[in-house]
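Some structures to go through are shown next.
Common to both upcoming complexes is subunit A, partnered first by subunit B, then by subunit C.
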Partner chain A sequence: MGPLSVNELISENTNLFLAFVIGTAFGFVLESSGFSSSRKLAGVFYGYDMVVLKVFFTGAITAMLGLLFFSLFGWVDLDLVYVNPTYLTSAIVGGIIMGLGFIMGGYCPGTSFCGASIGKIDAMVFIIGLFLGVSLFGAGYDWWEKMYLAKFLGSPKISESLGLSDGVFALLLILVALGMFWAAEWAEKKFPREEY
Partner chain B sequence: MGESNNTIKRTKYLNPYLGGVLLGLVLLAANFVSGRGLGASGAIKSGVVTVVTAVNPASVENSGFVKEYRESHTGNPMKTWLVFEMLGVLVGGFISGIFAGRLKLKVEHSPKITSNKRLTLALGGGVLFGFGSQLGRGCTSGSALSGMAVLSLGGFITMMAIFGTAFAFAYFFRKNWI
Partner chain C sequence: MKPRIWLALFVIPLGLIIAAVPQNTSHPYKLTASQLLEEVNTRTQFITPETVADMIVKKDPTLQLIDVRSQGEFEKFSLPGAINIPIADLLSEEHSGIFDQDAKMNVFYSNSTLMANEAWMLTRQLGYENNYVLEGGLNYWFEVILNPQEPASTSPDEEFAKYDFRKGASQALGGGTVSAQTPETNSAAPKPAIKATPKKKKAAGGC
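Our next item is the complex of A and B:
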């Protein structure tokens, strides 16, 4: 059955329309959870507001479990679902540069659109920065192409790499997340502050 | 105490675990409908490729960046899944802002720094995040969150690199936030 568009059960235009609907739900959930506030987002790095950790990991686990169950029930063919490829060098270096951008700018690309949608001027300026950064990458592409393409490992699953089944890995990830949620609740009590 | 309780009430957000479950269901829907996760930086890339191609049509031939994009995408770069999804994010965030009474033009920053400093850092952070998202083939949404949901090894590595680095440098930027 699923994925609907890959199996051509819906047309390309329907797919794009549903992208808009899914994006609307995405933006609504992000804003309702407080992801439109850079000071709330940055709280995760100081312990005074752990909303990022809670929402992010609950979201990842919910979707991961959902996909595993959908696959078990035969509702979605996981072989047709896109698995991000792993280019080891650029995954790490790109992640480090993004991490610096996060603590400096207080947003990531998705949350900056969310902040801009309710009038945060700092989010709008962050988005201008995003366009400049992507353009800079494009302009100097020949210089970092080698690094961009280095250490290609295909599209491995982390469960395969660790020699575990998907289900066992999912269970371990849930246990790790529960531990982090417990630590997050503790941190928020230890570093209290007003709501932004 | 009474007053601060009122303040909290007025800016109340969704319970984060409920928000997380809803976010997960949205991500699950994206995978079920389209066989792909959520994303954000890819829409910016579409915008950049469109502008570059319009300003300099020769870039299709002589820019490795545009060439690489065109090889993996056919048709109009603005008529893509992520562009429509990100337009939705703007609408969805705006609707939530109306309901919560949070629509307001403002620069949000710690009282310890000026608006100008906040905006300068936001611009710099945006440049770094934009650049890094291209190198890392996706940002917190497309690479980390969506990658984790499909158990992508690269997704987990990028997630740890993003949050680990931000955490490691948090001390030097503390005045901007606390």
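Our next item is the complex of A and C:
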């Protein structure tokens, strides 16, 4: 396999160990950037702190450019990169539930563990809720199986459905992201909060 | 300068470059002959009829059955939900989207496994994943799913569990002879055993 594919070169256990190291580093960076504060995270809904939006879009365009350039150089085969399959109905319903949980709890799953690790009680309660939700979903799977699997679309790409090449779509997304950063900083000035 | 300006100065030129260059559509990491031989030896391409029957009954949306026999044979009999791609048309442009994807599990079948295996080898050589072969082909399917034979009374319990599953699947998929007999000979529950469907081993990400 290619230079960047470590599958089958390293053992499953080494893989898990590397995942642990990378995960720890990720959690550390998340915490030190303030992502363990539910007020900071909820700020994206009220406009006073848009750091979540900025971080995730910067991450997305960095990864996107990286993959496209690596593919251009022949370092990765994009067809071997796993794309989460789309089940439209469950994506919409799940997105609504996730958004509601986000604004009510002030965390998303990853950051709740980040908050809990520095002893935040609201984050721990959030994690309990997370496990309750997962158990409920599993216990009632028969009831929502139909909806869960409805509108299966495979792994479509936005660039394909728009009829654009990946590169042109990437450029558009970069411009949109930069526009959003500009709007986000405008919002931060418009809805400032002294302390949070 | 603001960080936003720095970021823009860095990513906009990169975006312009990537928009201007042609896309790399080659697949540099095709299977080598020895890797293919390894897969053939370990028989990883085969999916048992039980697994396929289970997925059909559960209406698993990730299953895509592909009949590689001729159109005439396909019209005479085909498995539920199967599409017909005769092996002669395998490489035509219009079908490449079916094979070159990451979401569905393609299962090739023919009367035996010969043609299905040929189709699997071709798609595997092209570097496509998620292509499998129905073990034993339609002949074996008829034998074990549509007309399952009751195992001898001295058989181990697993044989009976397998038989119960096959009988259940046979009823669900419209097997001929089973409904005619009264299935009261066995004390075990007639409910088909739930079998785990093979999941892809790739990791999924999240927030």
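Quick notes on this one:
Following the convention adopted for this analysis, the second predicted complex is superposed on the first by the 187 of 196 C-alpha atoms of A that agree within 3 Å, B and C clash if a C-alpha of one lies under 4 Å from a C-alpha of the other, contacts with A are read in each partner's own complex, and residues count from 1 in each chain.
One rule holds for everything that comes next: a contact is a pair of C-beta atoms (placed from the backbone, for glycine too) under 8 Å apart; a residue touches a chain by one contact, two chains touch by 3 or more.
Remember, it's a predicted structure, so these values are computed and weren't measured experimentally.
By the document's definition of touching, of the two partners only subunit B reaches A:134; subunit C does not. Once the two complexes are overlaid on the shared chain, A:167 sits against subunit C while remaining clear of subunit B.
By the touch criterion stated above, A:58 is placed in contact with subunit B and with subunit C alike.
In the overlay built on the shared chain, the residue A:71 is in contact with subunit C alone; subunit B does not reach it. By the touch criterion stated above, A:155 is placed in contact with subunit B and with subunit C alike. Applying the stated contact rule after C-alpha superposition, one finds that A:187 touches neither subunit B nor subunit C.
In the superposed model, A:104 makes contact with subunit B only, not with subunit C.
Of the two partners subunit B and subunit C, more residues of subunit A are touched by B.
In the superposed pair of complexes, A:175 makes contact with subunit C only, with no contact to subunit B. 2, 5, 58, 61, 65, 80, 82-85, 87, 108-111, 155, 166, 181 are the residues of subunit A that lie in the contact sets of both subunit B and subunit C, per the superposition on chain A. For subunit B in complex with subunit A, the touching residues are 4, 7-8, 11-14, 16-17, 19-41, 44-45, 47-49, 52, 63-66, 68, 79-82, 84-97, 100, 102-110, 118-119, 121-143, 145-170, 173-174, 176-178. On the side of subunit A, the complex with subunit C involves touching residues 1-2, 5, 58, 61, 65, 68-69, 71-72, 74, 77, 79-80, 82-85, 87, 108-111, 149, 152, 154-155, 165-168, 170-171, 174-175, 178, 181-182, 185. Taken together, the subunit C residues at the contact with subunit A in this complex read 4, 7-8, 11-12, 14-16, 18-21, 23-24, 26-29, 59-62, 100-104, 127-129, 200, 202-207.
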